[in-house]
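Okay, got some structures for you below.
Heads up, the next two complexes both have chain A, just with different partners, chain B and then chain C.
Entry: the complex of A and B
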């Protein structure tokens, strides 16, 4: 029985019924990764360690944890002890971390087997995976099309059925948008829910780790393990973690879902609108009520984000200096020259662009006008959310205004064109709110995603609503034809 | 944004821009600054900046020595080091 395209729940059943051993599961997963290597999902494989860990898992008649022996892929932004971690950048091309990120460690402690590290936009800066030093990732649904980004390798590996789930990180949509473009499910938890320790920082007040999987149910399984307070992350939330899996399957009668007036959905592609209306009808059938809500400042999310994220990035990436780790230029005249040459050789164009914008926004004379101003607008955006969540439970939008696009077709002449792709996802990062993307059909033969945004710490509501949708539809079961990649 | 400003920011960020790409970078930065500049039309008087969605001060804990901080492991990742220090080009003559 093939393991390809199986969910965690299905693979758990196969393992528990001894239809397959953990070793066989890991070997078949590694074989699938090799078979579809043209997708370019993986930067580094973890073959030896994965094989050894899987062979140590002895089948027993006792109930195993959900993740015992489960193969997972980790975004190459999470530090993994002894396993190369590059952030898809030349500057970290040979970096071997001395420790493992908390989120990954928790999954591995629960029995998961890391089979490899996935390709991504360099330092998570991008929405198409085209800024990776290790080359583009193909969308499994169409060769030569982007998988979305920045967690593009993770999304493609799950969509191609190589792994049942993968980790990602989301600073402005980097879990949800690639999940949407690849036809899978992706959850960005509440800021602080999952430890950021051992994640290579891009924008510290926006970054959050989360799962990409085939179903909301599987996302709940991963989130159960990934969540929780971590002493090592100074912004980790010290609050109770519910059992996300136990909480799905609740009725949603009377749940109020808000549609955001300011997003002007009527201006989107008619097919994108059609999928959205169909999903709305599905939720109405399930008992939800829809209301139009206004978030007057939400249209300012993109400029707000592109002031704050580069500012935090310019500060975070100052640690790459060619001295303590990472690429070091040869033939530097002096220390200053060493910094300049190492960084200029090591970073790609998009990363440089964002460092420069951030440096400008934080420089004397501009700080108040750009950085502080953006943080004030951020407060207004958060206030808008606080206000609407007094009258609705969930907000619903398309995940992305468009489906996946051809390599090189967006943002090369004007970077802002690509930034606008993040319109629907960015605001939940600014406000720290949880949001999920689920597949809800296709537009021009490519997957389209539906986004549900929840109130602070309400991942359980989102997972429940997403699970109900998936129980009543089969969009999440669609599989791409991978003939072009093997 | 003129070429002089771009040169200054590049120096502050310790980055060098390929001369062939310089005018494209300048244009890109102008476009992005124009996008961000749109925020100026929003009235934010008396609004406190929101630097972190949790609005909490970074939590602190007891300063206890633990096994995560091993000098040898960290020095091993440095492109150039001796047994105690990271090595850099000579700073003092």
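Entry: the complex of A and C
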């Protein structure tokens, strides 16, 4: 029985019924990864450690945890002890961390087996996975098309059925947009739900780790393990973590779903609109009520985000100076020259662009006009959400205005074109709210995603609504034809 | 033309917490390079700071002692600049909302007191240390100090001489050690300051252009550096030129200040709120706890010493001025009744010894038990004051108890009248010439007889008894 395209729930069943051993599961997963190497999902494989860990898992008749022996892929932005962690950047191409990120550690403690580290946009800066030092990742649905980004490798590995699930991080849509483009489910939790310890920071106040999987149910399983307060991350939330899986089968009769007026969905591609309308009808059939809501400041999300995120990134990336770790330029004349050469050689263009934008936004004389102003607008956007969540439970939007596009077709002349890809996803990062993307059919033979945004700490509501949708549809079950990649 | 000096000090106090401000690495001084360092201190990718509340409690204690406003909600900011010993490429500090605002500190100079207002005090992390001269062709970096908590206390520009600046730093030293905020060790850099110095014509309202002398770490250097800078600025202005606003370094070997390379301070630090840390909130309960455990301050001690131990105002002030001496005094006073003599010794012999050895009392071999025993032996006339001094010298070297020294060296005082009379008689018999001289009116010879008696008794004879008996025997 093939393990490809199986969900965690299905693989758990196979393991528990001893149809397959943890060891065999890991080996087959590693074989799939090799078979579909051309997708370029992985930057580094963890073959030896994974093989050893899997062989140590002895089948027993006792009920094991959901993740015991489960192969997972980790975005190459989570530090993994002894396993190269590059952030898909030349500057960290040889970096082997001495410690493991809390989110990964929690999954591994629950029995998950890290089989490799997935490709991504360099330092998570991009929406197409085209900024990676290790090359583009193909969208499993169409060769030569982007998988989305920045968690493009994770999304493609799940979509290709290599692993049942993978970790990702989401600063402005980096879990949800690639999930949408690859036809899988991806959840960005509430800011602070998952510890950021060991996540290489892009924009500290926006970054959040979360799962990418085949189903909402599987996302709930991962989130159960990843969540929780961490003393090592003071911004992590010290609040109760519900059992997300146990809460997943609630009816949604009377649940109020808001449609955001300011997003002008009528201007979108008619096929994208058609998908959206169909999903709306599905939820109506399930008992939800729709209302139009207004978030007056939400149209300022993209410029707000592109002031705050680069500002934080410009400071967060200062530590990559060639002094203690990472790429160090040879033949530097002095300390300053070492910085200039190491960073010029080590960072790619998009990272440099954002460091420059951020440095500018924070510099004397511009701080008030850009960074400070952006923080004020961010507060207004957050207030808008607080306000609408007094009258609705969930907000619904397409995840992305478009489906996946061809390599090199967007943003090469004008980066802003690519920044607009994040239009629907960015605001929940600014407000710190949870949001999920689920597949809801195809547009021109490529997957399209539906986004549900929830109130603060209401991941359970999102997972429940997403699960109900998946119980009543089979969009999440479609599989790409991978002939071109093997 | 006469000039007026205006000085403001930025004092960096290293807080005596066990661990660093944002990591749980140790802050012990003098460890091997890069051993008090963990992932956070190295600024590794993916690490995050976490708050050491103890540093806040210490900062608040200082704030309360200077009657400042305590911001129970304070935030951290990033100060961005590149340097090899700054691992993250930014320093976490407090800009807009520091923990302590306002307040004042009293300084004492030439018998007068002056109130100096404090602008603010904020918490920040220290950087590591670059070592440029130990490895040929390489610079080395020691991150042991990186992340050590500092409290930067900024004074208003209200000091008007180098001497006042020193008095301010002395008051600050007393305060931080008393409050157990810092060990105050200047040689190890636990207390150091930057001095902002400017001069203006007497009577001018506007401040002159200032220079900042960085990182001065002794009372002596503070005085010298500021005095040099004042003279230099006067010379500049009197020659018709302008003072350049700049950062300068004091070179103690050449006794001069020099400008630092312009590169080192031409930075735009791009301050912004630290997104890795939430605002730090100190609860009312925490504030109350700090108040409830507030240590006694020097002024309070002085008054108590006058009342409880009947010390003079002068004695009380000197003993209370140093926390370690005060603690020593109080421990020793539990085991002797002669507080006046104890105070006398602490201010006299003991202080002189410590000053000579450049030691704090807790670094010496003296302990309160032994010193109180010494006082008691003087008090009960077992030994004379003179013998006590030689016993004290021995105590300083060996650390043994005065009773043991008296015993082993046979230094017990001879107070027995008969024994002394016998010796006096012998002296008189042996020195007939001097006896005649004395009787003929050479009064000064009395000292000679005392000396002879002491010589025979090896100084152990009770001087009062010797005097009394000699006077009787030598009656004219």
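The working rule: the second predicted complex is superposed on the first by the 486 of 486 C-alpha atoms of A that agree within 3 Å, B and C clash if a C-alpha of one lies under 4 Å from a C-alpha of the other, contacts with A are read in each partner's own complex, and residues count from 1 in each chain.
As a convention for this text, a residue touches a chain if its C-beta (ideal position, glycine included) is under 8 Å from a C-beta of that chain, and two chains touch if they have at least 3 such contacts.
The shown structure was predicted, so the numbers you read here are calculated from the model rather than taken from an experiment.
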Query: Looking at the overlay, does A:297 come into contact with chain B only (first), chain C only (second), both, or neither?
result: first
- prompt: Is A:201 contacted by the first partner chain B, the second partner chain C, both or neither?
  reply: second
- prompt: For A:35, is the partner it touches chain B (first), chain C (second), both, or none of the two (neither)?
  reply: neither
Query: Of the two partner chains, chain B (first) and chain C (second), which one does A:234 touch, if any: first, second, both, or neither?
result: both
Chain touching more of chain A, residue-wise (chain B, chain C): B
Message: Contacts for A:101 in the overlay, against chain B (first) and chain C (second): which applies, first, second, both or neither?
response: second
Task: Give one of first, second, both or neither to describe whether A:363 is in contact with chain B, with chain C, with both, or with none.
output: both
Task: Classify the contacts of A:341 with the two partner chains as first (chain B alone), second (chain C alone), both, or neither.
output: first
- prompt: Hey, what residues of chain A end up touching chain B and chain C alike?
  reply: 95, 98-99, 205, 231, 234-235, 314, 318, 321, 323-325, 335-336, 339, 359, 363
For the chain C and chain A complex, residues of the former touching the latter: 39, 42-51, 78, 80, 82-84, 87-90, 139, 141, 268, 270-272, 275-278
Field: Touching residues (chain side chain B, partner chain A) in the complex
entry: 1, 5-6, 9-10, 12-17, 21, 25, 28-29, 31-33, 35-40, 42, 44, 47-54, 56, 58-61, 68, 70, 73-74, 76-80, 86, 88-91
Field: Interface residues, chain A side, partner chain C - complex
entry: 78-79, 85, 87, 92, 95, 97-99, 101, 196-201, 203-205, 231-235, 311-312, 314-315, 317-321, 323-325, 335-336, 339, 359, 362-364, 367, 371
Field: In the complex with chain B, residue positions of chain A that touch it
entry: 95-96, 98-99, 191-192, 205, 231, 234-238, 297, 300, 302-304, 306-307, 314, 318, 321-328, 332-341, 343-344, 347, 349, 352-353, 355-357, 359-361, 363, 369-370, 372-380, 382, 414-416, 419, 430-433
